[in-house]
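One chain, chain A, appears in both complexes that follow, with chain B as partner in the first and chain C in the second.
The block that comes next holds the complex of A and B.
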């Protein structure tokens, strides 16, 4: 068995996890499961994207939701005002987020450690303030889709179904992207930057461009997720599009599952979302759910700080070959 | 080293989340409407006719038990719970065919954020089999929920959501109970005109949020149509605490009247600073903050400030005023509602509470008119509805903006002094006034 096979085993495991979540509502044919799977998959896509920057490159972005919100706004605008269809809007959202990431990257990726983290928080707030005063995007009132728009997709029922399939597709793409980055030479450069940026530069990694591309790659999918999320939501406004809490939750999901691994953010996001959903609706906990999820996270981070996959890799050295 | 850094970041993150959660999570012992669950066993004893059957209708909604809308949303669902309890305690609604309808509520926490609303409403419809829906609190969450309710063909009564835009987007089964944002301040313009036709220069200063921007845009248009000269129209960011530069600008503009505001905190700060700076204006009307009883804590700065309210306990809508206006009266009087609410929750109801209660009341009337709980028949009854309740006139648009509230009118209150104490008086519309308006503003 070659090393390649074991590396691929990790990809199949990751894709398998995503597919199980994606097929669950289709097999059970249940709208509620579909809604639940949608939120889980969007969390997986966001966390896996951020992992490219946070896990592989070692740059903690506290404002990553800015790409979700910005892509969402651009996508929503193209649907609502320009009359584009969801596919074009999704592409527009992804490209807009990538462009934003590129421009931001040039400016702030020179910062390291805590300074970079602080700058990303500032950017989220700055973009929110900009949108709040940007009349074409509706300013503080935001925009609302006409219900008739869903008719083009065979009614709202079919539109929501379609959006779910797109989300499954996006999550599969982000999983493959994450795996590709992790196993490519480009990704090796990122890992080197994570371990020691100066040493990486000496070894021949062109760090400014590598970091910038990592930033761009980690922004595209959140932009596309934003576009389809707000198409489904039917309404967008600055408060909904740039929630700082979601940014923090993305980091928590990555840390739960294991940063810098392909499978980790997927498991972390799925586990975190499932737990939140359970606590939110269980009759016993529904009044206390935020406090309980906080305590659970505290325990997990205290006792398995490397996350689930990181812990498995440390505890069972044999699995290291294929669990990445 | 790096590992330790990550652990530290992780612990800080989680500690922050725990703190945030503990700070806001208020485990409320919701007054569970238990009556409906046991009712099925008791029913046959009460009704002797063999044809009479009893059904329990499930009302589904999300409530912001945590997060920024917690207070308003809790009052709203307290109001709704009170209505459910009253109906079930009096033995349900009897329909013309003898069927007895009782109600039960199912609700979840939406955390005041939009990301779970659609999932929870799908759950309410598919899993909890909710027959009718009540909207979450706030326009933003309501527009997210509306798509789901419309998709499943469920009727949703939107209370606590004043935005106009939701109702101009082709929804057929969403019904608004609040006066829409576009009419929030128009009455304040009318009041000013009736007080002093010589005032011509108006300044608008408002919070940059979905709700207040929608309100002032409509008010500006209305004021211009009425011949006013809008000399300033400027927004401030959420959380602004120093209005000094804005106040100087108002003074420079020569405005004689100021309107705007946003929510409680900024509105009361603005009123206080206008008072402290002795801004020479004759009239001040602000959103949201003035109707709140704690606005009186501002002391003399509150004197003369006008504010719109969806409902006030002192507003005198009564069976007599219904007769005078040629409308059908339905439900309890304001006094009865206030008494029952105080007995149940040991606090005075505000307009959010009344909004929650009236959502139930309107549903009750629609079911009674329809003589059935069939959604199509109830929808037809809602479309036809034209009643006066303690909350005011309820009538829905059925043409270009289906479901938009067109009957209900805002009440304008003003803080006045009686025996040296600040009291809240209704000053507009004239039919509901409890005192003559205080004019001009004395600073």
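The block that comes next holds the complex of A and C.
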């Protein structure tokens, strides 16, 4: 039993971390804590998703927020115009993001390294520009939910509560997904692609489809997170849905915790958000918050390029087996 | 015939890398491929395993025309190769490297079977003590063995070995030669590119000689060693001094 337990130690650690964050506002009964936890969990979900592409497959996407924004818009549209409930809207947002990722993957996953990264930035800007001019989604002014919609969920207070529970659930799902990918045969193929794509191809990894699936898997949850985030927010507009800054922050979180590990992005996202919260309310740092993120990324790349968990794995080879 | 190469021609811009290369390979043999540097040996490997598409000609593997098929298609069908310049998956362990071969190559194993295959193959190649080390931490000789282990773990029908002996010391060469024999005894057909003459003469059932992209000779090791054209192109020209003395 204990051997089996240790075999999946990293999954238990990861789920434990997510649960601690998720239970903290419930135990303390504090709405403010709930808002903080919601932000942290959405960061965890986004970072863990991007990690499937960036950490496991080795493809750096600088525009990953496009899936959050696009899923958010589609989800918002189904609620606002089609009158769907939040569950269906979330599903729609996830599927829309997955479909977008699939089509984009076919087009740009043949690019490698910096060219791929540049293409992802371009795509985020292109989708933002498109939505800016797309009348059904409200163009540049976006859309705003009718407040009455929350009635179906027992009022705005209850809707907020529900959205938080959904976020906890999504984060648990993404953690399990991330762990499954990392420890599966499919994931081994992705790691091989990350290390040497040509060698992987010669060894029989069907690289085009493996990369495309990794891209799709990394997009689904961000699409769902977008849908519930903007349902909670009550309003959506292009500037909120596609901030390049969030894409970069996702990368900082992954690098901080350890790219290519299950636990790393979770710790990285939680750590980064905690730091950001502190900096935003601190009178000394509140205007320097992004500058500090930039310096942080620089320091990580220079001194611990593998992040916290990667550093632990390197420093203590004994734990490498189960700390992933 | 496990492999038939028919009239393969490959050009890179103005460079004629391969010209009308044709040969057949029966099952169970070790075929040596020799020639001076730049003769097109590795290019021929790249054409056979689908990395390059030939400009002309066909490659028939296990009775199927596989010309222009992707490397992963050929790998699944039963082809494996090593690289002249080793390509370890650095951040993965040695065992994981070998498991990639077992999972995605012809063996198409699931993870637990692949782990078993990997341990067995690592044993065969003397890498078992390094199984949990990162591949990037190996030395050159060990990396060559790792290339070999990955290829064998895919349980191929045909194995292409690209200079697995280069850069090894004599005792490492001796043990690698033994390993190649052991692999052949498992029923795997082998084509090997090699510059270590004693080894290739020893191992090969048949030898092909490439020079400037053309096949200039084909035969048993004895025939090749005594072939005038081969001696001139590759082994050196023993009559050169004689001819110079005669003032030709």
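Here is the rule we use: the second predicted complex is superposed on the first by the 297 of 324 C-alpha atoms of A that agree within 3 Å, B and C clash if a C-alpha of one lies under 4 Å from a C-alpha of the other, contacts with A are read in each partner's own complex, and residues count from 1 in each chain.
The definition used in the following text is that contacts are C-beta pairs under 8 Å (C-beta built on N, C-alpha and C of every residue); 3 or more make two chains touch, one makes a residue touch a chain.
Because the structure is predicted, anything quoted here is derived from the model rather than measured.
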Chain B versus chain C as contact partner of A:188, first or second or both or neither: second
First, second, both or neither for A:295, with chain B first and chain C second: first
Partner chain in contact with A:235 - chain B first, chain C second, else both or neither: first
First, second, both or neither for A:207, with chain B first and chain C second: second
Touched partner set for A:198, first chain B, second chain C, both or neither: second
Contacts of A:139 with chain B and chain C, given as first, second, both or neither: first
If touched residues of chain A are counted for chain B and for chain C, the larger one: B
Chain A residues touching chain B - in the complex, by the definition given at the top: 30-32, 34-36, 38-39, 58, 60, 129, 132-133, 139-142, 144-148, 155-157, 160, 232-235, 237, 239-240, 243, 245-246, 248, 251-252, 255, 259, 277, 280-281, 286-291, 293-295, 297-298, 301-302, 305-306
Residues of chain A touching chain C in the complex: 184-185, 188-189, 191-192, 194-196, 198-207, 260, 317, 320-321
Interface residues, chain C side, partner chain A - complex: 49, 51, 70-72, 75-76, 80-81, 83, 87-92, 96, 99-101, 103-106, 110-111, 114, 132, 150, 154
Contact footprint of chain A on chain B as seen in their complex: 2-3, 6-7, 9-11, 13-22, 24-28, 65-66, 108-109, 111, 113-116, 118-120, 122-123, 126-127, 140, 143-144, 146-147, 150-151, 163, 165-166, 169-171, 208-210, 212-214, 235, 237
